[in-house]
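Letters A, B and C mark the chains in the order given here, with residues in each chain numbered from 1 onward.
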Amino acid sequence: MTDRALPVAHGGDWRFWLGEHRGTLLALGVFILMFALYTGNHPAGFNADVVTTAANKGVLLALVAVAQTFVVVTSGIDLSVGAIFVLCNCVASRMFWETGLESAASVIIVLLTGLACGALNGLIVIYGRLQPIVTTIATGAVFFGIALLFRESPGGDVNEDLADFMTNQFPGGIPASAVALFVVMLVIWTPFRRSMLGRVVYAVGSAEQAAYMSGLQIRRAKFAAYALSGLLCAIGGLFITFVTYTGEASLDNANAYTLNSIAAVVLGGVSLFGGRGSAVGAIFGALIFRTIGDLLFVFDLDPLWQPLFLGIVLLVSVCLGSFRLIRIRNRLDLFG
Amino acid sequence: MDGSATGPLFRMEGVSKRYGGVNALTGADLAVEAGRIHGVLGENGAGKSTLMKIMTGVVRPDEGRMTLDGRAVTFASPAAANAAGIVCIFQELSLVPDLSVADNICISNPPRRFGLIDGRTQRRIAEEALARAGGEDIHPLAPIKDLPLSRRQLVEIAKALVRNPRILILDEATSALTAADVRKVFSVLKRLRQEGLALLYISHRMAEIAELADECTVFRNGRNVGTFKSGTKTDTEIVELMIGREYSHAFPPKPAPKASTETPALEVRNLSWNNRLKDISLTARAGEIVGLGGLDGQGQRELLLALFGVLRSTTGEVLIDGKKCNLSGPSDAKQGHVGMALIPEDRKTEGLMLPMSVRDNLSMASLGRLSKGGLVDRAAENRAIDEMIALLQIKTDGTSVAVGTLSGGNQQKIVIAKWLMTKPKVILLNDPTRGIDVGTKAEIYQLLRKLADQGAAILFYSTDYDELVGCCDRVLVLYDGAVGRVLSGAEITERALVSSALNLGGGHAEDGTPALAGAGAAR
Amino acid sequence: MSNAGSATSVLRKIDPAVLTAFGCIVVLLLLAAALNENFLSPDYLLAQLQVASFLALMSTGMMLVILLGQIDLSLPWIITVGGMMSTAAAGWGPWGPVIAIPVGVLCGVVFGIINGIGVAYLRVPSMIFTLGINAVAQGFMIVRTGGAAPQDMATDSMHDLATGRLILGIPNPVWVWVVVGAAMVFLMRRTIFGRAVYAIGNREIAAYLSGIRTQRVMLAAFAISGGLAALAGTLLAGYSTKAYQGMGNPYLLPAIAAVVLGGTSILGGRGTYLGTVAGVILITLLQSILSVVRVPWFEITEAHRQIVYGVVIVAMLLLYGRGAKVAA
């Protein structure tokens, strides 16, 4: 038989898929484990309300974590995600929600706000050629200031029907927030990931010089990454408005979401150096982060000890990657 | 299609480019014809890579013009040059490590369906391109970072072919390929020539250029110093064109070998590591220059790193002056009683901190010696630095300028000077004259012999056979991580080096063994 | 080969970023004086320096870490650890008041060492590791204090150190800054350690191959950063006579901004202490002016301050903090 026609074996493709999504799958596995533990030990057991409450909290951080992913994948970092999140919350609380038409318009305005914030970040980083970390520190202050302009003190309102709908469940116990997150990912992340924009974004994060030499449109892609990050923060801001019915410009909140989004992103297997990882992983990272806190509560751990435990767990999990160091034979490989 | 009937496909006239105060290209001319392979030769720094960058839109020329099909063109970016049909195959620079082979091959213009990238079609295109480029065994979904260098270059070639180029530029594209791969690539290139492509082959390997090229152009100091049909000049004539003067080896005389009973400065016993170094034993005496030979990738670089303490989990013994040493890193290795120095492989990333000043770079390894109680003695430092600059004749505009502004040869001198300031007893050099101009090379050869005469033991890996022949008292030819053969004194000839390098593999030069390194003096 | 000592050559040697920073300081002072003559009074300026001293201690440590090419996001809670542990130690038996400050600083050093181990030896990116340490430090303090505001009081000497004016009428914290700053300049310019920091920030692998013990240097830098942060926390506790939850939170972003505005590259390997001094004064002045300035026809709120704060930082960075283009 002279059959040498097939140049490449088609079996074993799954090997590469596994390798590429290793971080995401790991995060998924850990989350399922933890969530099972949580609902298993929750006094109310595994029922729809428990799941929905957990989902609502988790989705909030997940949205901000996805926003962070867009920027981290380009090997940048966005320290203003929390501020954009809070800003959009405050803007939403100032909008008109009486009629269906007004509500739709309000939603669009809030989304545009986030988009604009992200776009501003992108413009300064790309055309100003400033480092993302310092840029977003400064723009974060600006966005937070604007949030204060909208909402000096907590208040405001939102379309209650819409809010209830988004924070409740569908028949069968599936939380609406989870469905919403799924839709957001389907509509925004998946097309982005499989598009030319997504490819360039990942290429830039992996090797910007090589991307340039390959003739890729780097500026456009980076801009899209930052703008979409802002958009996701806006969706998060909308959602927290649905959950709390108010707008509040809390600096603690903004900082917490920013820093937790970085933790979520790392837990979800996204590399802080760029070019690797997926927003899906970041979502599971966020859910893991939230569930740890809940787990500690459910296991009746003295609430006093919970923040310490949470911190140690976070620390240990980011150190897990250091196990690869044991196998390094050439010390030059230690240097990144 | 015969391009010569209607004029060259691509022409460059009077092109100049300056970087700071340095003229990279001055009034450069080049004519490329369709259906021909045009070889471009020149030393490093002659302007070949600047020429290529201008042709592919990476940089803009300061003066001059380019015409394609008789019409004037300018390229604002690599994308524009690609659109015009000019594609360049780099050594490694344009592959994205975290993306797959297929993603990289179709990176800038993937097939699309409903606006999104069509993975299945892309994979098919990639497989076809890989087959065309001779890389059928490369899986299209493999991430680039998992591929060895030789495979990456094949992917680079496949990527270029997918763009349907009219002019294909290969810039040192075969340096990491095995001999078998080079054969495949050559047959691909010859086929492309028949199909009417114009190929520009930039290389330093005259043997390859002789086989491939229809005509050659030699660059020197940023100028085109000669264009001639292949085969009309001898190798020596070509080298003289490249270096601009009469060509003669500039090696200092070697001392007569003397039998010595003193303990060797460096002794290695049964050194093994990670299946890349296998049971290596060697000695180097004070005053000796010992060379490491053999084909690329047989463990020479790893041996030097192992001696310097950079590799973990090595087995075997290393003795300095007869005393066992357990080195855990470069900071141990440079200590007085060990006294080792390593001139690393890549001066720009491993040997120097380019933005830092000449002074800071020079004293970096000997800060311990130049200080008391952790405080740096500025006066002693300046004295030592001035001494070194004079000794090695380093051309620099004062000691406060950034090292990145110096020429390649002077940069390498600074790396060497940095280590000489530690007064080493054993000096390890990892291909120290790669990419250095001929004048500086000669200075380095003289320096090495002088250091040996002053009592240092030198272990010297080079990919240039002429250097090994000219400089070394003994050469250890490595194969597959072990010492295959030792040549001493008059035994060291190019023929002996080449044949022992090949024969150690049992004569299997055609499959899986890396190709010969630079034949000929120019590198 | 030495350089001439004329004034122009000295000016030429100074990083343009630092000059710009000082220039902006002058502009701010003039602006402030235009709004209110009291701003240029020695009393007010000294008060500014006093406030700046706290930030300066934090920025000094942060600068060291940034020069290495890393970042220390555990600043907020190491500050708090310093404040809380020193006030706590004040009550530990008869020797309490003596060991209060050293205990506080030591706790900061311990956290710094852990940071150093994580970044230098475990090779975890500093951004995430120090973030984790921040959370752990917070956890420890919550356990210690029961989550409520600690009742420990600062010692008299702590209070005096933070608020007194012992020498020449200049506030004591400024003297602390002078001593620490001088030590830092000495460290950076005259010691092997200082050279090693710049080398590692420029290219760690080349520093390693030159025989520098890069891991030890990084460990020491993070330890110093932790110690200085804790010292600042101790002084802050002395100032308010108490430590309180989250006392370090407002300082993270200003500390980083001060370092960067002083011309230190966030990527490492480049920067001077003079620049950090300028950056600290600049940020402090900016915040003071924004909080005090009154314009009759407009009510300036915290919101406006934040916005101006952010805009000014971006504007200044655009002036001199820009990177190189990707293509040649």
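Everything below uses one rule, namely that a residue touches a chain if its C-beta (ideal position, glycine included) is under 8 Å from a C-beta of that chain, and two chains touch if they have at least 3 such contacts.
Quantities reported herein were computed from a predicted structural model and do not represent experimental measurements.
Across A-B and A-C, it is A-C that has more C-beta pairs touching. Farthest chain from subunit C (centres taken as the mean of C-alpha atoms): B.
Subunit A and subunit B, compared by their mean Cα positions, are separated by 44 Å. Centroid to centroid, with C-alpha atoms defining each point, subunit A and subunit C lie 30 Å apart. Residue positions of subunit B with contacts to 2 or more other chains are 58, 77, 310, 329, 350.
Of all residues in subunit A, those touching 2 or more other chains are 209, 212, 331-332, listed in ascending order.
Along subunit C, residues 205, 208, 327 each make contact with two or more other chains. By the touch criterion stated above, subunit A contacts subunit B in their complex at residues 7-9, 12-13, 16-17, 19-20, 191, 194-196, 199, 202-203, 205-207, 209-217, 275-276, 328-332. Note for the complex: subunit C touches subunit A at residues 71, 73, 118, 122-125, 127-129, 131-140, 142-143, 146-147, 204-205, 208, 246, 249, 253, 256-257, 260, 266-267, 301-311, 313-314, 317-318, 321-327. Those residues of subunit B lying in contact with subunit C across their complex are 19, 53, 58-59, 77, 310, 329-331, 333-334, 342, 344, 349-356, 360, 363-365, 367-368, 371, 374-376, 382, 385-386, 398-400, 418, 422. On subunit B, the positions that touch subunit A within their shared complex are 58, 77-79, 82, 90, 93-100, 103, 107-108, 110, 112, 115-117, 119, 127, 130-131, 136, 138-143, 273-274, 302, 305, 310-313, 329, 350. Listing the residues of subunit A that touch subunit C in their complex gives 77, 124, 128-131, 133-135, 137-149, 152, 208-209, 212, 218, 252, 255, 259, 262-263, 266, 272-273, 303-312, 314-315, 318-319, 321-322, 325, 331-332, 334-336.
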